[in-house]
Structure formats: C-alpha cells, structure tokens
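Two complexes follow with chain A in common, the first pairing it with chain B and the second with chain C.
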Partner chain A sequence: MATLHTKNAARAMMAPAVIVLLIWMIVPLAMTLYFSTLNYTLYNPFSTPFVGFENYSYFLNDPTFLAALANTLVLVLGVLAITVGGGILIALLLDQDFYGVNIVRLLVIAPFFVMPTVAALVWKNMMMNPVYGVIGQFLQALGIAPIDWMTDVPLLSIVIIVAWQWLPFATLILLTALQSLSMDQKEAAEMDGAGALSIFWYITLPHMSRAITVVILIQTIFLLSIYAEILVTTQGGPGSQSTNITYLVAQQATSYGDIGAASAGGIVAVILANIVAIFLVRLIGKNLDA
Partner chain B sequence: MGQIHLEKVRKAFGDVVIIPELDLQIEDGEFVVFVGPSGCGKSTLLRLIAGLEDVTGGKIVIDGKDATELPPAKRGLAMVFQSYALYPHMSVRKNIAFPLKMAGMDKAEIDKRVDYAAKTLNLDNYIDRRPAQLSGGQRQRVAIGRAIVREPEAFLFDEPLSNLDAALRVGMRLEISELHQRLKTTMVYVTHDQVEAMTMADKIVVLRAGNIEQVGSPLELYTAPRNTFVAGFIGSPKMNLIGGAEAGKFNAATMGIRPEHVRLSTSEGAWKGTVKVSEHLGSDTFLHVESPVHDEPLTVRAGGEFPVHSGDVVYLTPEPDKVHRFDANGLAIR
Partner chain C sequence: MARNVSPGRKIGTTVLAWFVGLVIFFPILWTFLTSFKTELQAISIPPVFVGFDWTLENYQTIQTQSNYLHFMMNSIYLSLGSTALGLIVAVPAAWAMAFSPTKRTKDVLLWMLSTKMLPAVGVLIPVYLMFIRFGLLDSRLGLIVVLFLINLPIIVWMLYTYFKEIPGEILEAARMDGANLRKEITQVLAPMAVPGIASTVLLNVILSWNEAFWTLNLTTSNAAPLTAFIASFSSPQGNFYAKLSAASMLAIAPILIVGWFSQKQLVRGLTFGAVK
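Moving on to the complex of A and B:
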C-alpha cells in the first residue's frame, strides 16, 4: 500500500544505499577533478600549487594524445569487427547439431576465463615470439620469414590478443540469441523459397540484431579501458604505436609521476567515453526497444 | 492443378516408425482434412508433403511429377503454420511480399498482388504494422495472405486455428471455407478437432498411429464408420460403444449408438438407467446416464429442454436402424 507512511519508510530505508553509492562515485570524481587543476607531481608531492587548465592543455597538446586517440579507435573498432563477425560465424556453427557439441561449446568459451595479463603473456611469448612462438615456427615450416609481431605490427598484435579474449563472450551471447529463433520461421522462409543465404540475411540476422547491439555496447565499454594487455606486451611501444588513451593516462602517473596531468587525462577520457556512448546509443540503441 | 498422390510413403525417426506404408490420393481442388488424436502422425504427414521432412521410403507425386526429392520451395505448395511463423521484424506488407521477393518478382507486380491479398483478407488497414501489433485472428490472416500471394498448387494448413479463442475459431473456420470456395485450390488441413474436420472437409482422412483408418466424406464417416475407432472419433458427443450381452442381441461383438439416436422416456424403454449429470445447452440437453448395460455412463441427447435432474430414472431405447454393429476385431459389420 502506497500510503504516506510507507513512502517515508521506503525513503528512510533506501537512504543508506543511495548515500553510499553517491559517495562511492562522487568522491573519486571530485578528487580527480580537483587534482587535475593542481601542479601535483610525485617528485614534490608537498607543494601542489593551483594551475587552472594548464594540465589539460599539456595533456591535449601532447603529440602522443592524437596518436593514442587514433589507436584507441582502431583497437575498439578492430576488436568489435573481429568479435561480432567471428562471433556470428562461430555461433552459427555451434548452433548445428554434431557429435560432441557440448564439449566444443565449453572449449570455445574457455578463453574468457583466462586473465588478461596471462592471456597477453601467453600470446606474446608462446604464440607471437618470432623465434620460438607457434606462429613463427609455423611460418618458418612453410618457408616464410617469421613476423616480429610486437615490433612490426604492435597494434595489430594487441587487437588479435584482445579479440581472442572477447570472441567467446560475443559467441555466447549471439548463440543464445540464435537458439531462440523459432524453427517455424526458418521453415516458413524455406517454404517461401528463401535459400540458406537469404534465410540468414532476412530472418536470422534481424533476429540477432538486439543481441549484436548488446555485444557492441558492452564490449565498447570494456575495450575503451584496455590496459593490462598493453602493459605486459608492448608497453605502448615502439614509440607510441600501441599506446591508447588509458595507457597514456596511466603513463602520466607511473612513468612521469605527474598526478595532475594524469587526472586531467582521466577527465578527458571520461568525456571521450561519454561522447562514444551517446553516439552508440543514438546509432544502435533503438534496437533495444521492444 | 493441385493433385497430390502419396505412394507407399513411410517415415521413421531411427527405430521409431511414425508412418508405416501409406497410400493416399488427394485430387485437384479438394479440401482434405487429416484428423486424429495427438501423436497419430498427421502433422508429420503434412510436413512430408511440404518437404520439410524427408520420406524414409515411397514416393510423393505432385501433379504427376515425382516430388519426393524436391526442396520445399520447388513443390509449388504454401503452408500456414500453427504458430503462424510470421517474420516479427517485418511489416505485414513485407511479410506477405516475402515469398514473391524471394521468387525475384518485380516490384510493381509484388505491390499489386500484396494489395489484392490484403484487400481479400481485410488487412488493408494494418498493412504497415508489425505482427506484434496485431491480434491473433489478424496474424492468422497475414499467414494466410503470405500463402495465397504465391498462387500455389495447394495449401497446407497445420492446425491453424488451435491458437485462437473459441469465437474467433468459428469465424476463421468460415473464412477458410469461403477462401476455398473462391480459389478452388487444393487444401490439405491438419487438425485434432473433429468439428473442424466435419464442417470444412470434402474428404476426411482419419489417422491413428500413422495408419489411415478411413477416408471419406464427413457424412460417410458419420453414417458408416469402418471401425470402432472412427466411430468413436467422429461425432460429438462420442458414440456410445457397448459390448457384452446387449451387443449380442444385435449379433455383434460391439454395438454403437450415437447420443442423438437414442429415444428418451421417463416411463418405459429398453434400458433403465439413472441420470448422473445433465448438461442443459438450451437447444439440446445432454444426459450422462448410468445403466447396467454398460459400465461407463451412456451419453444421450434430447432435443430442447428435457426436465430431468441428477438421480432421476430414465428409460433409453436405441433407434434400431441407427445401430452400428462391429465384430470382435472392431470392424463394422455391413
């Protein structure tokens, strides 16, 4: 019963949770905003004079910033393309009935359980190492000169590693969507004269559109903040060829000890992430409406 | 043309035989209803004709051509599914146009045919809606529309009315019958509802466990059921099937008498019984009567109001020329 009394009681009971949540989110954000206006370095943490927007202009005018922005976009878009495209194909395969399909499904999902740092180290040392990596050995067996992945194509290497990690997630979500497609619709389309490709294009793909939207939205959030994979493989290099915004922000603090610039960078990253979010929701969010 | 001949068609899933060898002729323009209890293989039979399942043995001949190996789309048949199977992300127009688009027909011709189908089925006002925004009956009509635009040789209906409420079902039953009158195209219709079968069919095929029990017009099945199964399945309420001594008086192992062919009296008659339940429908009264001649209650119809209540004593007399006689194997004695 929604009486005045129960409403007040409800407010009182919700208050602690709301207050904790507010503190949890507002305090770090406020501190970041505050630090971003100070000349605050780890070399002299006791003198932190107010400098206004100087940290922002320093961070935004850093030539690495634009490169990192471009790298971030390439990383996000590249991984999305591979995981959504590959996820659809693998989901289509796993939706078939074949002997041992349950074990294969389990194996396909396995990479998702490997920690990012571990996955990246395994890829760097066991797969992509030009001398003793599996890919290098394979290429050599074919008589092709091995590629020095981390040096020659650092960003592509990271895209591959991250895509490998996120492919299971995309596959899993898309597979469940695929399994909810009613057999009747496929049969009706078959009766209507649609071939396998037409059924995929006109029936299956539209049916999966909502799941694809979910995959893109969720992955984008996580892909914007890729850090561990870069740290343990290329460390953003060579030069800044594989530095993304997140890594650049962290670098300000860890390599240069500049808390002020790192905070400013953090705020810039938040703003950029919001721009991407608005853009995405406008572009594909309508798929989520029932 | 819409002739479908099944020759020695067999279907088995692994070791489980759904349809042992079966022969059936469906002639051009006929409205054929497959009827039978659930699990009798009637839907499987329809799917075999449609090409959605492969036959294990035998031949399916459509219009004189062997269609056994043809893919569904090449058989010239259109199907209406129990779930309607509309494409949820397409408007009504796109749903109906889909088979034509797949056939590569040009845009103007598609529009013309879709508009015509929509008009015939009273869908013009909903043409730009999505299936989710339509009622059950409207969805049903869209599904039928999608079937008729192709101008198929024959229509296949797989229990199309079972998801509708009772009132709508009666209306759609009429609409489908009218559609058949107008198009004069062969229709094959699957249902478990013998009322639908009786009211719509030119020819009823009664199936049990994949076997054809009897083929015939609704009245043939009603007046001359070939065996006790058909006798019990066709007609509503069910025929009373009585064995033992009473049947012996008619020189039969089992005698059958329909509820509407029993004379009722409160004073005299062949069988004495007590009323267990009386169902008053206004136009008819159905009595369930317990009688020593049979261990299950007998169903009897009285026209109009028949003023008896639970516990009253009544006398029943079967009309002698309406008695069905069956031998020990359940086959009719003629």
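Moving on to the complex of A and C:
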C-alpha cells in the first residue's frame, strides 16, 4: 500500500512540522549554549568577550543557585506527594457510586482550568492573607493564631497553590485508569475472601502503577518550570526562600540583564529536565508498540 | 460500578465526596461570590457568604478602568491564532504518520515529544533577544508563533492517536471503489477525523489561554493577554479583592466552561496517549 508516491507525499506532509520543531529546538539552544560562554550583559551588549566556563562556575557557586535547586526539589517532590497521594484517594472516592457523581467530578476538575496567575493571586489574597483570608479567619475562629503564609512559609504556600492546580490532573488520570480495571478481577478476589485493603494493595494499585508513573513524569516536566505562581506571590522571596531554578534564571536575564549567567543557568535547567525526560520518553515509547 | 451498594453506604459516600469536591472547588466559588460584593463586604470580618447586596459594579469597573476587553481579545487572538497555525502544520504530519507509517515514524514522534520537555528558560534568552532585534516584543504575531511551537508536539501527538483509530480497511475499500486521494480525504476520512480534531482544538485553546511563562516574559501591554492582565493585580495597590475577583472570574470563566466539556480528551492529550 505504501508506494513510492505515497511515501514521498507522506514525507512532504511531515516536513513542515519536523522542520519548524527542529529549528525551534536547535537554534535557540545553540545560542543559549554560545551565550553561556560569554561575558554578556544587557548594560554593555557590544562588548561580549569569551570567558569559557566562568558563567557556569559563577552560577553554580552562587549560594542562591543551591537554594534554588533545593527549593525546586522541595516544590516538585512536595507537589508530587500531595497530588499523587491525594489523587489516588480522590480517584477511589469518585469511582464509587453516589448521588451527583457528575457534578462532583466537575467541581474536582475545575482548578486545572484556572490560569496560574489567577490561582496564585486568589490563594495569596483571598485564602492566605493573614487578616482577610478565609484560612486565617477559619483558624482564628478555632482559636489558632493565623500565620502570614507568604512571609512565614513562602515555599509551602507555593507548594499548596501548585498542588491545588495539579491535583485535578492527577485525579482525572488516575480515575481514568481506575475505570478500566475489570470488575471480575475484584469480585473474584472478594470471593476468595480478600479484604478491601488487600484488594487495593494487590490489585488496584498495581493496575494504576502505569498511570501513576505517567502522572509523576508529566507533572515533573511542568513542575520544574513553575514561574508565574512565584512571580505574582512571593517574587522568590523573602530573600531567596521561594526562588526555583526557572525563576532564578529568568530573574538573571530580565532583572539583572546578565545574559551570560542566565544562559548558563538555562543550560543547567535543560540538563536537569533531560534526566526526567529520558525516563518519560522511554515509558511512552514502550506504550507505542503495544 | 453496576454493583449494588447499601443505601446507607451510598449516602455516606455522597456526603464525603461532596465535601471533598466543595473543598477543592472552594477558592473558585469564593472568588465567584466575592466578585459580586462591594470592596467593604469583600474584606468584612467575619466573612459574609451569600447574605450580601449583590452588585455588578466590579465587573463594570474592571472594563472601564482597566480595559479588560483589550486583554480578552489578545487572549482570544493568541489561543485561536496559535491553534489554527498548529492545525495547519500538524494535521498533514499526523495524517502521514498514522496512514503511511515508516520505520522511523515512532522515532519522529518521540523526538517531537522530547522537544516539549525542553525547559522554557533554556531558550528564553535567545528568543527574548531575537524578539527585541526583530521588533516582536509585545507583539501578538511573535507570541502566536511561540505558543504554536510549544504546543505543536501535543497537537501532533493527539491528532496521531485519533487518526490511528480510523480503520485502514475503510481507506482500502474506498480505493477499491475507485476513490481518488481527494475523495478519500473529503468524503471518507474527514468526517471520521472531525471529532479528534475538535478535541485537539479544545485542549490547545485551553493550554494557550493559560500559558503564563512566555506571555508574561514577552509582553508588556500591547499584546498582553489575560494572564498578564491578572498579574498586574499583584501589586500592593491592587489589593481590591472584589475587583480582583471580578477580573479573575472574567479571565477563567470561558476556559472553565470549555474545559468542563473536554475533560475526557484532556487525559488523552496531556498523557500523549499513554492513558486513555
């Protein structure tokens, strides 16, 4: 069926997509790599001497970098723990038979469609504000002194905001996986006298393991690049307590005009993301054969 | 799910599920309610839930004082523009990969996916400088191109998984009946491909509408979409909760509605077909 003619036609049809993506991937990345070896600032853009790895040693030795790396890890792992753990529990709940299941599903999925800047500002002001925020007032009603979330626990605040945005994603995907679990298997286990907990542990959880892996990997890709939520809430502060790598790099370029250091930081971010990406591409590639 | 559960348990599950649902939805609900309060009621202690004088004042102020429509139009231009551009390039590519696969098709698909994993900060600097050089900073055209490029892999993947499900036998049958390529496409395949394309459009519009790295870094006012408009409320002077709420509702309502209709497709698109 694949004649030479159709093969050429197929190639021509694929060409535009492949070419634009190739350009998009190679040109800016090559430029970033090149800039990362220059002493290049926006204040003096006409003198850009070659400095080798100086930007890298500057960026990697900057105490802010280590803080940002640690914050990035806390942010990614914290959000993953909440969304995967919470996602499994809520998916199990939504898989049950109850009144208004479709409406509850809409309520749960909603935060995913809220744009990052709105999510962050609503949480910062209306939920977490120490005086007027709903959480503060709720705690006060219980007799607990409210805290100033954005100053006292800036990173935790951002973890909560981002987890709220991604919990629906994890729930939706895990629920989809859960619904493809055949009833027979569970019923057979029940007849053999298995309890709810062991059914979950030995049947449901293994069945969901692939979906869980997919959730972890895809979220990690997005979570490494959290930016807007930090920009509109803490701006990375106080100090660098809530600065992640993405925010640090963008800040180097747009606030300090240090193109060289920002580029070196960008390359570091690319390497970090690639470590995750290799696993994800393999996993999805395996699925492609099936 | 067809199992019979005792009524008592069903009611228990109902209560628990609604409680969880409402807790998760609460920030949106609260924003919705606050958007109809006066500024004074919005910060009243203790908070008022529904027993306030509902007013549309905030929505009017948002439009007259900060020109909401301008940003809204930009969001529409950007999401529709990048989606249209994406379809033009991705439909033929996904089509070719689904219907005339070669040994390398899988590699091409995975490579496309890997471009999506390139962190934006890795290419921000050159793109930023090129935008300055070519006068694209704060222009809709420039952002449409960037949004098109970052979402192209998702569009190709999603279309591919849909096209893959169109049975090849239908194509062969049509060929046997003497259909030429044009007829093959317009009369046989297109009708079967439309639902998949529609879902892809929906997801891509959602992703572009909410994209907040490039839109914040590459715009100031002219081409700024709603993400940037809302970000301007983060300044201390912007602490007007009722107005912030009204602006937020206006920014998220369209996409919330689109999103609710496309939740199934979302799973597929965002997992690159790995979970259906």
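One rule holds in what follows: the second predicted complex is superposed on the first by the 258 of 290 C-alpha atoms of A that agree within 3 Å, B and C clash if a C-alpha of one lies under 4 Å from a C-alpha of the other, contacts with A are read in each partner's own complex, and residues count from 1 in each chain.
Please note the rule applied: a residue touches a chain if its C-beta (ideal position, glycine included) is under 8 Å from a C-beta of that chain, and two chains touch if they have at least 3 such contacts.
Small disclaimer: the values here were computed from a predicted structure and weren't measured.
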Combined model on chain A: chain C and chain B, fit or clash: fit
Touching partner for A:190 - first (chain B), second (chain C), both, neither: first
Partner chain(s) touched by A:212 [first = chain B, second = chain C, both, neither]: neither
First, second, both or neither for A:109, with chain B first and chain C second: second
If touched residues of chain A are counted for chain B and for chain C, the larger one: C
Touched partner set for A:80, first chain B, second chain C, both or neither: neither
Touched partner set for A:150, first chain B, second chain C, both or neither: neither
Partner chain in contact with A:170 - chain B first, chain C second, else both or neither: neither
Which of chain B and chain C A:223 touches, first, second, both or neither: neither
Touched partner set for A:31, first chain B, second chain C, both or neither: second
Angular separation of chain B and chain C about chain A, which is computed from CA centres of the superposed model and rounded to the nearest 10 °: 80
Partner chain in contact with A:97 - chain B first, chain C second, else both or neither: second
Smallest separation of CA atoms, chain C relative to chain B, angstrom: 7
Intersection of the chain A residues that touch chain B with those that touch chain C: none
Chain A - residues contacting chain B, complex: 182, 184-185, 187-194, 198, 202-203, 206-207, 209
Chain C - residues contacting chain A, complex: 1-3, 5, 10-11, 13-14, 16-18, 20-22, 24-28, 30-31, 34, 42-43, 45-47, 89-90, 92-93, 95-97, 99-100, 102, 106, 108-110, 112-130, 149, 152-153, 156, 172, 206, 209-210, 212-213, 216-217, 226-228, 230-231, 233-234, 239, 241, 244-245, 248, 251-252, 255-256, 258-260, 263, 266-267, 270-276
Complex interface listing, chain A residues touching chain C: 1-2, 6-7, 9-11, 13-14, 16-18, 20-21, 24-25, 27-29, 31-32, 35, 90, 93-101, 103-119, 121-127, 131-132, 134, 137, 141, 164, 167-169, 172-173, 176-177, 183, 210-211, 214, 218, 221, 224-225, 227-228, 231-233, 245-246, 249-250, 253-254, 259, 262-263, 265-267, 269-270, 272-274, 276-277, 280-281, 283-285, 287-289
Of chain B, residues touching chain A in the complex: 50, 52, 71-73, 77-79, 81-83, 85-90, 98-99, 102-103, 146, 150
